[in-house]
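So that you can tell them apart, the chains are marked A, B, C, D, E and F in the order they are listed, and the count of residues begins at 1 in each.
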Amino acid sequence: MTSKPNWMFLTRKYEFPASHRLFNPDWSDEENARVFRQCNNPNGHGHNYDLEVTVKGQPDPQLGMVVDIYELDVIVKRVILDRVDHKNLNLDVDFMQGLIPTAENIVWAFWQELAPKIPAPAQLARLRVVETRNNFAEYRGE
Amino acid sequence: MTSKPNWMFLTRKYEFPASHRLFNPDWSDEENARVFRQCNNPNGHGHNYDLEVTVKGQPDPQLGMVVDIYELDVIVKRVILDRVDHKNLNLDVDFMQGLIPTAENIVWAFWQELAPKIPAPAQLARLRVVETRNNFAEYRGE
Amino acid sequence: MTSKPNWMFLTRKYEFPASHRLFNPDWSDEENARVFRQCNNPNGHGHNYDLEVTVKGQPDPQLGMVVDIYELDVIVKRVILDRVDHKNLNLDVDFMQGLIPTAENIVWAFWQELAPKIPAPAQLARLRVVETRNNFAEYRGE
Amino acid sequence: MTSKPNWMFLTRKYEFPASHRLFNPDWSDEENARVFRQCNNPNGHGHNYDLEVTVKGQPDPQLGMVVDIYELDVIVKRVILDRVDHKNLNLDVDFMQGLIPTAENIVWAFWQELAPKIPAPAQLARLRVVETRNNFAEYRGE
Amino acid sequence: MTSKPNWMFLTRKYEFPASHRLFNPDWSDEENARVFRQCNNPNGHGHNYDLEVTVKGQPDPQLGMVVDIYELDVIVKRVILDRVDHKNLNLDVDFMQGLIPTAENIVWAFWQELAPKIPAPAQLARLRVVETRNNFAEYRGE
Amino acid sequence: MTSKPNWMFLTRKYEFPASHRLFNPDWSDEENARVFRQCNNPNGHGHNYDLEVTVKGQPDPQLGMVVDIYELDVIVKRVILDRVDHKNLNLDVDFMQGLIPTAENIVWAFWQELAPKIPAPAQLARLRVVETRNNFAEYRGE
């Protein structure tokens, strides 16, 4: 077995409960309620979010791993989880200020924080945020 | 097949996202933070709650059912889900006022609302509230 | 560790896809449609059923098992699965003739077939039939 | 955060129970039984199908969403679910007439119905039909 | 809401991967292979075990909890998980020496370690060890 | 419905429990313990591995299938499962000798065994090995 895969994908899943409220400050209360419906409840609601982080690369021949998963876990904890776990995504998260916290925008905000921190030569390949068992957003860097 | 089971159990699962904050108004902020830790975050956090409703009884010989599940669904929606779905359990739910919204207390509050509304001769046998994939509370009426 | 548990419970899960239709031959088409709604579709519909078989007993001191699970699997396959797997529960299953195939009645019919076949001293303790991820029936022999 | 993702993916999951039978009318009964085995049972069998609908696009800056999920749910319900939920896929579904209802063909038939109905500028990116927990088909438009 | 439940149940789930081999040292290799089949592989095999710990009691009126779950987690980690996580259950676990590591015997051994350590007035009510998605053992203290 | 999809994807999931130990024979015990941490336990540990095999192709017009799934199951059983199920991945598997059995290397080794055996015109499109509910590796042939 001498050749090597160019792109092996390794995914780690994390969980964090958080609350959020969907609303657009440029709109009236009526417009917000009409568009975001029950997700616009003034006192907010919440979810158990699943976060799936996929990195790609060649497995290191000495380790047999695309990335040191202990190191990756530490990075994801520091860069993302410590800032959103058991938090209110509208009020408590500095890097999401001004962003409507839909699943799509959460993925996008997380990507910008996390992609530069993945240890080379591994690269962030995909980020998925699962909001409910029937709804998830995903970004692949394109 | 002439005899009949005395107690057949029928369970329906429902989901609702909601936010909450654990705190005891009789305590100082420091005491609350020490006891409830991350669950005490002032702006709250949230969960996708699963609610499992188990009723017991003899299947109706004409229906083959312990309870008409369409009727049960309507009752659970009206008595519980419409009042907690996409809500803040501390601020938005009348029958939970003054209650610290732990999984145990949520189950207890739901039981008191729902048990009297189960259509006889079926009876409420068990109520389970799943808060995260690793935590759930259950009450069986004793 | 010299003492022994009186009742250790061992559960095995099995799956089988099947089709069914809910209707009561004593009723008019209108009555059936009103009561069983979409489950009354004349050409039937179907489910991936999960069957959970729980036996109880004292673990055999030489085996460390309540029941030989290989033997249990063979019995469940012969007594239940071979007769319902990929079948129409209204038309293809001899021991369910004349029974409205609700989850409750399926559990009841399976119990009567399976309970006498569990190898002593183990006993059948619980039977659960999961019809959808949000609906299951359970019988415990009482 | 001024730039925008080109392709954000948003997935919604739906469930529907249905029955089906695999057989090819051009073949003898023996040939059908040999090829489709237990899936060829004359009275059919069934599944709890999961349908995953993935759309892609740029999140609307006012909504933070690739697609209005309430609107998407209404479309999927009207175009797909109302026509297959609690139905027999061989007999009850007009747009699947003449099609052997394998998971692959179900995906293909659903794609042709649904792709033209996705509200622009979002596009249908992937359709997955999960037949059992161990079997699913997927199409990505290529 | 002045009355109180007598028995509220609170369950926490934990996971640990471990390896094991089923064999009885009193038997010949042939007898072991015949009885335990593939589970008797001399170099062992392994599982991702799920451990469900259920305690019962009255919720503390100040906390709204049957047990302080942070305290429970610390106890389960110290008494069980630190001793079995990423371990070989035949060779590495002192309190399981001489025990055939079936799911039943694992539950039994865990119960004897854990039951005396549950903080009063809560009591251990149920212990479940899930070995595969189709097999689990459960003990309720009787 | 006259046109045809070029690439329809069909996925089958399989499970197998196995044990493994991560270590690099070129390193000292200290170096191995430092890098692989708890996964380096000398007596090994184990997992319930899920294997997802995805093939792609055009559905056969007579079968409505990308691949005969009965045939695929037989091939995966013979080529992979019979050699790793209930085995020690370090000691018992000929085609993994000399390979550190990380999820990435397991995927890579399985791909080389399985890809040449997929019945044409179907092709192996993706292989995923799920090690725990929070960790999986995936290879797509590039």
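Some notes on this structure:
Assume a residue touches a chain if its C-beta (ideal position, glycine included) is under 8 Å from a C-beta of that chain, and two chains touch if they have at least 3 such contacts.
Since the structure is predicted, the reported quantities are computational estimates derived from the model, not experimental observations.
With contact taken as defined at the outset, there is no chain that touches chain E as well as chain F.
Look at where the CA atoms of chain C average out and do the same for chain D: the two points lie 30 Å apart. For the pair chain B and chain F, the distance between C-alpha centroids works out to 41 Å. For chain E, residues that reach two or more other chains under the stated contact definition are 133. If you check each pair of chains against the touch rule, the ones that pass are A-B, A-D, A-F, B-C, B-E, C-D, C-E, D-F, E-F.
Only residues 15, 17-20, 38-39, 41, 43-48, 85-88, 91-92, 132-133 of chain F touch chain E when the two sit together in their complex. The touching residues of chain C, counted against chain E in their complex, run 1, 5-14, 54, 59, 62-66, 68-70.
Across the complex, chain E meets chain C through its residues 22, 24, 26, 35, 37, 98-105, 107-109, 111-112, 133-140, 142.
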